[in-house]
């Protein structure tokens, strides 16, 4: 099922002053391709959860429309939309067993949609099998681990074969090891069922690793939509560049003069097609190449060898943060005791942004 | 599937539900408020006007304060009032001191047998008042304390429940504070009053309010222990008024007395609304 | 450390002293009284020990009337008040506007002197030669006959008694249920909404099980409270409850102890212990049932 968000806007009345409004989601336009897995990504308070609530119908948009396929569902109550929602803390009914929890949505169906008891049980078993919890059907939620509860919640959302599956921070209540496992699991379930799935997260790694497309949001406004690698390699603005990637991108105060990029006093790159102006320059950690006569001169603070790669921590007067983190491959050797280290920069790992609007400035490497 | 119809139906049902809810809540509000309205209304009608209304009127065009004057002059209402005030204040104050020390000992100090004693205290919470009041009546009578404030007050200056409540609250104060105070050479008593009490002030206020409500409405014990009007509390006073007061059945004056008795607690409640309600929901059942 | 122990006991001394004299000792004493036959409080003598006091009380028509009244009161008011309180709390939780106002109003009976307001109820329901009273006026409007609710037929008196009791116990129940309902996480309702659960099913399958511990708490405390009914009845029917035929068990205890028919602490003790046994048994039964039915 294709999901179309058309100029979706949601305003809430402000808490402090009367008449004021807070815009949680602003002019959200997006066409979700059928059968894809979408990650809605952003820091807390960016409006991603509100966007999710709008799609499932728990909130009504102030303006704009929502389509599932060709159906306009904007004004439909949630139960008529055919969505499944998995809550951040699962919202499993504590007094019901796993089987009863999964059966719950089916028992709500009325009239011609009503299934026979045997059919319901069969469907519940199928859903349980899909998330691999068949052997836990008679437990109560309190007798299960977080990861198992998560699976039950997904099974409950899937059992009525929703047109769209929505997941709110699906991994945030799990510990690190389970998180890795569960996100693969979500990917697999989504592939198996082919249901259009949208999930919300503040963890960029999570979103990048399993999504077909990610939507980066900030303060209610969509910053960029694209395939994870595309967004990483080609960020639309400084916020997106900073938000994606571990370790994060290194940001320098720089300026462009006569087709050259200066970071502090160091002339590091020739950039064509950019007017002279002060800029923010972002360099991905993997964009540094240690070179005897490299143009960027940094004071060396430490070298951490991490198996395959080496992480170099250094500092530079023009850098926004105290330390610069760069990842270099093991073939380059760094003298740990040296006072300075010099780098050349890979042009495709360097991004320029306007100082004022923080928008991306395209350039041609020469 | 016509979405407009679905939406319209949902909205209509929602409006209907809201209306019914407000209607239902208003009915109960009316049932709650009507007695209050009626007592104020009746207290403002003159004696002759009230008695001439074979069919009671829902309003009065000639309100009078005469009944309030009668209430204070014909029966010793101000006496009852003063008694209740003394009883309430002294009982509450004494109880606060007693439970404060007990809760402090349980929460802060370590001594052998503490857990046993505390368990015994908790067991006492299950004992209904009706069981012990018989002996207490005899005890107070034997001590010759009938018709005295001492007799009225003594049995109600401890409450296991409040000790328990306060102890729980005290225990939430981190140990470090006590250790820090000890390092600074603060005495236990000083620590109790300078540190614990201010921190637990909200609980103390809650307990105080609950106890005041309890005292103000006390009826059974005062009735047993006093038969001299000079020591009647308002509850007994109002009963006395009902059975012997005002010579004739002077209902407007009776209502004036009822208003006067009810007002202090209602005012107290309206001022401390949040605290009272929070306190009651934390475990105070009436009586 | 010795010094410290001594101090701790000092802090506890007032509490222990008061509880000892006015709770522990009476507890033992009431048992003793109840077995002392023919105890005379003036001469402080008795002529035997045994079960005579219990037998006397159990054969006293006043006591049997009191037991009957109390049981009717309990059986009617506990379910009725809990049910209405649940409806009101559900209503309160579903509205935003005026909610605080309603809550404040509904709480008012809690902070009023029950004796005083009971008088108002008496006047509203009483039929006198001068006037049939407010409630009868309403009944007449709807085409009914006037009834004297205070000195009239038994069912009418019982009705006022139950009505007033419900009025008095309602604030506490509404308060507890409202906060219990508010503490059910919104997520559960959202989840149910997305699954298209009907309002009724949400109520029976989610809300009710989630607040069931609080409901049982209210039922248990309600039973205990209603069994101890006394001062509300005094407010409505005056101090001579036996004459009015509206006595309660607690009323019987106090009447035995003191007042016009008083001076029999032994009978009072026996009656009080019988009451305690009844309340205890019913509480245990309640707890057993709730153990079975309350989820988690």
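Just so it is clear, A, B and C label the chains in written order, and each chain counts residues from 1 on its own.
By our rule, a residue touches a chain if its C-beta (ideal position, glycine included) is under 8 Å from a C-beta of that chain, and two chains touch if they have at least 3 such contacts.
Everything quoted here is computed from the prediction, not taken from an experiment.
Student: Of the pairs A-C and A-B, which shows more C-beta pairs in contact?
Tutor: Greater number of contacting C-beta pairs: A-C.
Student: Please flag the chain sitting at the greatest distance from chain C, going by CA centroids.
Tutor: So the farthest one, by centre of C-alpha atoms, is A.
Student: I'd like the Å distance between the centres of chain B and chain C, where a centre is the mean of that chain's Cα atoms.
Tutor: For chain B versus chain C, the centre distance works out to 16 Å.
Student: What's the distance between the Cα centroids of chain A and chain B, rounded to whole Å?
Tutor: The mean C-alpha positions of chain A and chain B differ by 56 Å.
Student: Could you list which residues of chain A touch at least two other chains?
Tutor: 77, 80
Student: Hey, which residues of chain A end up touching chain C in the complex?
Tutor: It comes out as residues 56-58, 77-80, 83-85, 87, 89, 91, 93-96, 104-105, 107-110, 140, 142, 156, 160.
Student: Using the touch definition from the top, list the residues of chain B that touch chain C in their complex.
Tutor: Residues in contact with chain C: 17-18, 21-22, 24-25, 28-29, 31-36, 38-39, 42, 51, 53-56, 97-99, 101-102, 104-106, 109-112, 114, 117, 121, 124, 127-139, 154-155, 157-158, 160, 163, 188, 213, 216-217, 219-220, 223-224, 234-235, 238-239, 242-243, 249, 251, 254-255, 257-258, 261-262, 265-266, 268-270, 273, 276-277, 280-281, 285-287.
Student: List the residues on chain A that touch chain B in their complex, please.
Tutor: 71-73, 75-77, 80
Student: Taking the complex as given, what residues does chain C use to touch chain A?
Tutor: 185, 187-188, 190-198, 201, 205-206, 209-210, 295-296
Student: Over in the complex, which chain B residues touch chain A? Could you list them?
Tutor: So the residues of chain B touching chain A come out as 1, 3-4, 6-7, 10.
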